[in-house]
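Both complexes below contain chain A, partnered by chain B and then by chain C.
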Partner chain A sequence: MELKYENITKKYRRKTALDGFNAALHEGIYALLGPNGAGKSTLMNITATLLKPTAGSVLFDGTDIFKLGGEYRNILGYLPQDPGFYPTFSGLEIMKYFAELKNVNSPQNRIEQLLEFVNLQDDCNRKYKEYSGGMKRRLGIAVSLLNDPKILILDEPTAGLDPKERVRFRNIIGKIGSDKIIILATHIVSDIENIAQGIIFLNGGKIALSGSVSDVLGAISGKVYEFKTDKKTAEEYVFSHPNARLIASEENSAVRTASDKLPSEGAVLCEPTLEDVYMYLFSESSEKEI
Partner chain B sequence: MKLLFFEFKKIFTKKTIILLAVIILAQIAVMFIPKNYERNFSPIIYKRYIEELSGEFSEEKYNAVKARCDAINEVLSSDDAITAAYHNGEITAEEYYKHSYERTKALNEKSTAEYLLEKSDYFKKIGGGVYFYDVDCGDFLAENGFNFLAAFAVIFITIPIFCAEYRSNARSMLFSSVNGTHRLCGCKITAAAVCAFFISMLIFMARYCCFCGIYGNFGGYLVRNIMDYSAFGNLSIFGYYFLNSVIKSAGLAVGAVFICAVSCITGNTLFTAFFVSLAIFFPAFLTVNSQIFSYAFLGFTIENGYFAGANIALIFGIMLIKIVIYSLICNYAWRK
Partner chain C sequence: MRFEFKKLFASVFMWIIFGIVLAYLGIYIVIPANGGKAYPNSQHLNALLNTLNESGMTPDGQIEFCRAKQEEIQSAAFGENRADKGEYTNTVFGDYILLDCAVDVLEQIYNEIPENRTAIVKDALRNIAEENAKSEPDLGVIRMNSLAVKKYNRIVECGVKYAGHFSAVYDVYDDAPWDFVMIFFTVILTARMFTLDISRGSFKMIFSSKNGRIKLFSKQLSACFFVVGGIILLHTLSGIMVGAICYGVNNFSLPIQMAAPFSACPFALNLGGYYAVRTLGKLLFYFSCVTFTALAAILSKRALPTAAAGVIFCLAPAVLMSRLYTASNSEYSAITARKALNVLRCFVPQSFLNIKTFFEDFDYAEIFGFPMSRIICVFCVTGILILAEIVISARIFGRETR
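Then we have the complex of A and B:
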């Protein structure tokens, strides 16, 4: 199974949201990372056939997804950041409604199975408007999985969730990722750190960096430093270096930064994390040499 | 069918049901607003005559009405001669006062008796009829024009069918589903049209029930017993009102599909509300003196409630064509 993006460009009048995007995705979880306006949502909307690219094509197993039409949407699951479910419907009714929309065979069994999977079986008769943020997200995941999609697109799935719900959500995604292409857009790096097989950093509609977790971490290997200093100096340093961050706020603060140069005398090299890569790539004043 | 059921469920929220109840109550309240109709006869005198004549038309009743008209005319025509006779001392004051009383009475009843004679002539011409107090029925049917309350209810209920999906961002979720485009759009249009039809019928029938509650149930009488309604053969008053309501409700169902099309083009509740209100209410205001605008959405029965001489098949044929055109626009804009 392959989802291939060939030179995808999307322009909105003067603004270019995506500029010659190329990628080939296979079974696994792919994270799309990037700041606001990087082109993540545009890419997701194109993948979900909600938007047509200005140029280029998206191929599923060699066929253009817009030509596949209903056949493609049959194997597609999409969960936008705000799915806009109906507040007066119960969770179960929402599931039944979307089962009908997604042409699900024997929907009753599938719905029960999924409600159990996302742990909503006891709350499925409650109205959607009474659900917590986490319950709404879990219901969204259940809905997007109704047709057992081969391609699952999740837009900012953990936005607004508390840490416990985020972990729960991560576990659910981790479980279902083996036989599907899951594309997950997020700002929260820790959400995908341990579950993503591939990571695509987007910036200004272009790929800033992509590859497996080890590939992208390797890209800034030898550029991540930590150094200790007094609190005032640390705060001043962080203020003037957007890619640096405080990692402790006691008397002797420590600063962590991704930089091409030694940031300070006594700074020690550290193992990079995805957050370091994100900070390195998307901080305006950082000097990137990848 | 299940999709359609869910679309109905989305439409009939608590808010919608409360609004419908308020509109029906408003419809009933409107019935109690006093109306001042200009008539060239007295309904009170007419009612008194009708009580005497009540029942099937007959030659005897016709003759009685004619005799009463002749008597009235005779009293009035003899007035000059009797006045002169009184001044000349040919008749007593008592005789003259008696004549004055008869003259005043004749003057009061003249127009009503003439109207009754006209009605009797009308019965004679159409080969029969029933005398009953039809003034209220006539007024009721003549008022059966454009129903602003029903149109408002249809606009209020139909706009969210598509606009709510745009507002809540559910559209993207729906579009990514295999049945979320054409089939869903078809279901929404069907739900809009069916709801508009039945809600309008409910409002129209509430009006009818209220009329029966106030004036009594005249529904069983043939509508041709009311003058000006001769073209309706054996249609009862209820049948006439019902058929008229069906045509207007179907017109409002067409209006609902039009609202769906506008919703999908604008994707915005406020713009849609503004535009469709303009498109539906504005022609209705203009139809007072213009037949052309009455064709816009609701067929040509809206401006005065009559459909005499109308080709019902043609009305429904035009409605069907409009529904198809609006549906195609809606489907195209929804997918866009």
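Then we have the complex of A and C:
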């Protein structure tokens, strides 16, 4: 199974949201990381056939997804950032409504199965407006899985969730990722740290960096430093270097930064993390080369 | 479809609007029900007419009998004895009114209807003769008048029966304020239905599923048709019930010509048939409001512009036609106004709001050289408009955004 993006460009009147995006995805979880306005949602909408690209094509197993039409959407599951479910519907009614729209066979069994999977079986008769943020997201996942999709697109699925719910969400995604192509757009690095096979960093509509986790970490290997200093110096440094962050304690502050040059005497090299890569790529500092 | 109803009526605003419509409908039952008390009981009248019919008297004899009876009871009916028990009704005064109505019915059945039709046929034949005498006769005029001869040169089997106070029923039930309220309701309902998923964002999950777009479109359209159609049918049924109970309009097999305003109607239609055509016409008009508003919603994706466009499209022609009706009765602009009105009445769905005018006389027009009844024309145009709007809406709804 392959989902291939060939030179995807999307232009609006005054803005280019995507500029020559190329990627080939197979079974597994792919994270799309980038700041606001990077083009993540635009790419999600194109993949979900809600938008047509200005140029380029998206191919599923060699065929343009817009030519496949209903056949492609039959294997697609999409959870947008705000699914817009109806507040006065119960969770069960929402599942039934979307099962009807998606032409699901034996909807009752499938609905029960999915509600159990996302642990909402006891709350399915409550109205959607009474659900917590985590419950809403889990219901969204259940709805997007109704038609047992081969391609699952999740747009900022953990936005607004507390850490416990985010962990629960990661576990759910981790369980279903093996035989599907899952594309997860987020700017919360910790959500995908341990589950994503591939990572694409998107900025200004272009790919800033992409590859497996080890590939992207390797790209800034030898560039991540930590050094200790007093609190005031640390705060000044962080203020003037957007890709640095404070690792603070009451007595001794420490700064962690990704930089091409040694940031301070006594700074030590560290193993990079995805967060370092994110800060390195998307800070306003010009001191970067990949 | 039940989910679409639930979505639609999740808002308090929709319930308020719906309540206003139902309250208005209630008014249209109470007012005529009260007004019906002023008219004589149709059972008594039909009993009297039956007696006269079986008596073997000639038509003139029957009319003379009623008039003689009226003279007999005149002084008692308008004097101190008006409340005494009458021969046909509970009071002497009631008898007087009943006989007066019987005379009107007999005059209509025996004289007015046949004489009107004879006069129309004679006029048409004269027009044909005059046209044929010209060096370049207008074939359109000849065709129209020939058709008039064909339509009116037949006997209308009236029967000596009372058709009821039909004019009172349609004066109440073909009323502009009700139509304006229904138009607003239809537009608001449809605008909300078709913009709700877009404004909420739920369209993303729906549109990214296999048949989501078409299924959603058809469910939403069906829900609108169901609600609007249901109210129209309820309105019609209440009109039929009130007409039957309060105004004596309960014999639907009688020819339409027996209802006072339709004595010159050319169609071989009964009162039941008229109700059916009227209901169908109203349904088509309101369905055309739904389909236009749906198209506006799909194009604009926002409720307010949709509602504005819907109200303008549905109301403006009705207001224009109302103005033209008024102008067609004025001294200065009657001819121009009448011409413009006759053109509009062939093509504009709002004509169904005043559907009785299609049945009052020989209402035909030449369409591409063929004489065609204006009501058939407007039925066809409205049907085609509805289908076209549905097809265009479905195609745009099903298309990905560029």
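Just so we're on the same page, the second predicted complex is superposed on the first by the 288 of 290 C-alpha atoms of A that agree within 3 Å, B and C clash if a C-alpha of one lies under 4 Å from a C-alpha of the other, contacts with A are read in each partner's own complex, and residues count from 1 in each chain.
The rule we apply is simple: a residue touches a chain if its C-beta (ideal position, glycine included) is under 8 Å from a C-beta of that chain, and two chains touch if they have at least 3 such contacts.
Fair warning: this is a prediction, and the values are worked out from it, not measured in the lab.
The superposition on chain A brings chain B into a clash with chain C. Touch criterion met: A:T49 reaches chain B and chain C at once. By the document's definition of touching, neither partner reaches A:S210: not chain B, not chain C. When the two structures are aligned on the shared chain, A:F66 is found in touch with chain C, with no touch to chain B. In the overlay built on the shared chain, the residue A:S259 is in contact with neither chain B nor chain C. Judged by the touch definition given at the top, the superposed model places A:T158 against neither chain B nor chain C.
Of the two partner chains placed by the overlay, neither chain B nor chain C lies in contact with A:T273. Stretch 385-393 is the one among 79-87, 133-141, 151-159 or 385-393 where chain C clashes with chain B after the superposition on chain A.
Touched by chain B in one complex and by chain C in the other are residues 45, 48-50, 70, 73-74, 76, 78-80, 82-86, 88-89, 93, 96-98, 100-103, 143, 147 of chain A. On the chain A side of its complex with chain B, the touching residues are 45, 48-50, 70, 73-74, 76-80, 82-86, 88-89, 93, 96-98, 100-103, 143, 147, 153. Touching chain A in their complex are the following residues of chain C: 3, 6-7, 10, 197, 200-212, 215-216, 400-402.
Residue ranges of chain B in contact with chain A, taken from their complex: 2-3, 6, 9-10, 13-14, 165, 167-180, 184. Those residues of chain A that touch chain C in the complex are listed here as 45, 48-52, 66, 70-71, 73-74, 76, 78-80, 82-89, 93, 96-98, 100-103, 143-144, 147.
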